[in-house]
Amino acid sequence: MNGPLLRVRDLTATVTTRREVIQAVRGISFDINADEAVGFVGESGCGKSVTAKALMRIAPEGAAVGLGGSVSFWGQELLGLGEDEMRDLRGRRIAMVFQDPMTSLNPVMSIGAQMADMLHRHLGLTGRPARERSVELLDLVGIPDPARRIDDFPHQFSGGQRQRVLIAIAISCEPDLLIADEPTTALDVTVQAQILRLLLRLREERGMALMLITHDFGVVAGMVDRVNVMYRGEIVETGPVDDVFARPQHTYTRTLLDAVPRLQGAGVVR
Amino acid sequence: MQENLSAAVAAAPGRRKAGITQGWLLLGLGLAMLAAMLVLTIFAPLVAPYDPSATSPDSLAPASAAHWLGTDSIGRDVLSRLIVGGRTTLLITVTAVLIALVAGLILGLAAGYLGGFVDEIIMRVLDVVFAFPVLLLAIAVVAALGPTVPNLILTIAIVYTPAMARVVRAPVLSVKQWDHVEAARSVGMSEMRLVLRHILPIVVSPILVATSLTLSQTIFTVTALSFLGLGPPPPDPNWGGMLSEARQFMELAPLTVVGPAAAIVFATLTFIIIANGLREVLDVGSVR
Amino acid sequence: MTRFVLGRLAWMAAILLGVSLVAFMLMRAIPGDFAIAAAGSQSVGPEVLAAIRRDLGLDQPLLAQYLSWLGHALMGDFGSSFVTRQPVLGELASRLAVTFQLTSLAAIIAAVMGVATGLAAARLRGATDWLVRLWNGLMLAVPNYVVATLIVLLFGLYFPEITVLGYTPFLENPLANLGSLLLPAFALALAVSVTVAENTRAAVLEVANQDFVMVARAKGLKPGTILRDYLMRNALTPVITAAGLKIAALLGGSILVETIFAIPGMGQYLFDSINSRDYPVIQAIVLVAAGIVVLVNTVIDIAYARIDARVQM
């Protein structure tokens, strides 16, 4: 296929809440190729999460987001797409894993039901086939005894397990691009590494593109091919992850790199 | 009705400070309505154009310059009866709520402050009273005691005391753990002064809100009792009784029903508006 | 969990005992002599009064009287009406059935109206929200008996050909039965629907801010699915609990509304008994109604704790 999977040009996002109007993203451009893993690094409030949500065109509840520029996915312009077509695309072609697994699952639905509704929506799977597929997916993300656990409710899982379930949901319709927005921030350190390894493995097995968003350089190292450093709604530095690590150009990048604990920093060099 | 009260008070923490101006606006409106109502009823004999009990052959008359709201089935002026009737209704309401307030304060402070065994006993007994639907209990008590103004006041006071006691007790329970209370105790402040100086002021805000909500519900209960024939004895007018009497001929003179209905709604609305205004102005949610 | 349920049930029994004591004492507190009230006339001879006293056990100590009364009440024997001289139970049961019908219908109307308006306000916001809140604020100030009276007035003025008063038994004509209850149930439901609407609005607004709703949108689910499975299923638990606690308000309100619409339910029975000083009936109704409220509240308490245990950790 020609051209990149995702081509973003001059993307702007203006977030309007009841209290304020924020220019969260100020004209950024980047590409993500199919099969590529790209990291987005920056401190909280730098616009990286808004960028991710802008690609899927979902706004936080109670806020309106005005988007400008161009987002083209497989050559199709997303910003002008109708809401129905956009909805067909969400979860099916672009899927997302969110930051806090403790609050990202519906507490009153079994995890099986929360997997099945998406399989039904995009792949038309119901009943037994949906269930079998869900069990396979749970097994794939490393939930032990999935056939039994599928009827359990979210509160019966640990934080790390919930994030695994959310990843299983996200990859269930074989998306071309998986956006992971701070997927390990809310987890214990030991669990963080497991989840990152899982994401890495799934990406390689399934050949998805991965957009990994984090405030922690230690997370992207070893995970992604290229990295974009974001600061105040703009991309201030971009390049292959090893280059950026070795020769950071922007002062802000250096600050971020310094913030990575030594031990973790030492382990990143492959 | 009582559930309504505790739910409304409990719901208050959700409010934010954004409503300060709106709160003052509501409070001002409510107090203005209350003032208008009080002036009209306190000076009722002077304000009312006719003797409320004076009959005339001109019965069920429509609204006119002489009778703004027309006359009832035995030719009494509806407006005059409304104004004078408001006196009885509001007198019972306000007095009863004040008594319930004092009783609730004493019981709630005692239960919350002394805690332990005293708390258990007081709250359990109040729970029994709380278990009755308000109106049902009021009906039973008035039916047993007989419908006179003092009995009505007593009944309403009894019925609303548990809710008031609960409103008082909850903040007291949390307040008494506070450091400055401990500090005051450690420097040897007497128990009585401790309660008056440190605990009482903290619990005042939720109590003010609860009192005005209770007032709105009491209007309902008092007029409902009168409506059922358990109000103050005739011929003195009162709103609930007027509404009830007028039903027989209401299609001939709709104003005889609409008048008292509007008065009841107005009074209830007044106290609800004051309660909402107070809640926002005092930021009751922050009392923790 | 079992301990909790047992604790609640024991507590319920204690409350019911207290309630029965209050119901008993109230009727002993009536001014004048209970025996004269029972005789229905002042002008009966002393030997007749003595006979009545013995008959009703009024010559026994108060505690013995209470225990005997409670024992009979537990067996369903509420004594005989002073007016009809018939056992209270039979009449009370048939009246209770009518009130049950009325309050059930009112509960359904209140739930449907409340959830619909609350949901509309929370999802549409803007002018709809403003209108719903204004309406709620106003309706909170209109007592149910005023609503009922105004409904009767309006129909009397503008649709005199429609009969709004009276009651058709279900077995006689199910459709007419429903018709005869519709307006009273609406009058009864209005105030409760306001509470349901406010609760629904607050709950939906809160749930809408939860992360899992955003996840549901990121899954590409249709708005209808999100509304049903993600918003409503989470928002309705507290709403149902709060609505359940309104059963007491519905029962209390039925006294007034039944009287206005001439529905032969428990409320009207109470009203009539008050006017005829029929104390055993008043006592029975107070006991039964308070008992129902205590029972319903306990059931809701337990049910909510179970749901809570499943949802929370």
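Lettered A, B and C in written order, each chain numbered from 1.
Note that a residue touches a chain if its C-beta (ideal position, glycine included) is under 8 Å from a C-beta of that chain, and two chains touch if they have at least 3 such contacts.
Protein names from UniProt, one per chain: A = Oligopeptide transport system ATP-binding protein; B = Peptide/nickel transport system permease protein; C = Peptide ABC transporter permease.
Since this is a predicted model, take the numbers as computed values, not measurements.
**Student:** Among line, ring, star, complete and other, which best matches the way these chains touch?
**Tutor:** Contact pattern: an open line, chains touching in sequence.
**Student:** Centre of all protein Cα atoms: which chain's centre is nearest to it?
**Tutor:** Nearest to the common C-alpha centre lies chain C.
**Student:** Indicate the whole-number Å distance between the mean C-alpha point of chain A and the mean C-alpha point of chain C.
**Tutor:** Taking the mean C-alpha position of each chain, the two centres sit 52 Å apart.
**Student:** How big is the gap, in whole Å, between where the Cα atoms of chain A centre and where those of chain B centre?
**Tutor:** Each chain reduced to its C-alpha mean, chain A and chain B end up 56 Å apart.
**Student:** With chain centres defined as C-alpha means, what is the inter-centre distance between chain B and chain C in Å?
**Tutor:** About 22 Å separates the centre of chain B from that of chain C.
**Student:** So in the complex, which bits of chain C are touching chain B?
**Tutor:** 14-15, 18-19, 21-23, 26-27, 29-31, 137-138, 140-143, 145-146, 149-150, 152-153, 156-157, 160, 195, 202, 242, 245-246, 248-249, 251-253, 255-256, 259-260, 270-271, 274-275, 282, 285-286, 289-290, 293-294, 297
**Student:** Provide the residue numbers of chain A that touch chain C in the complex, in ascending order.
**Tutor:** 56, 58, 60-62, 87-92, 95-96, 98, 100, 103-109, 113, 117-118, 121-122, 153, 155, 166, 169
**Student:** Flag every residue of chain B that touches chain C in the complex, lowest number first.
**Tutor:** 1, 3-4, 7, 11, 14, 124-125, 127-129, 131-137, 139-141, 143-146, 216, 220, 223-224, 227-230, 243, 247, 250-251, 254, 257-258, 261, 264-265, 268-269, 272
**Student:** Chain A touches which residues of chain C in the complex?
**Tutor:** 208-222, 225, 229-230, 233-234, 237, 310-313
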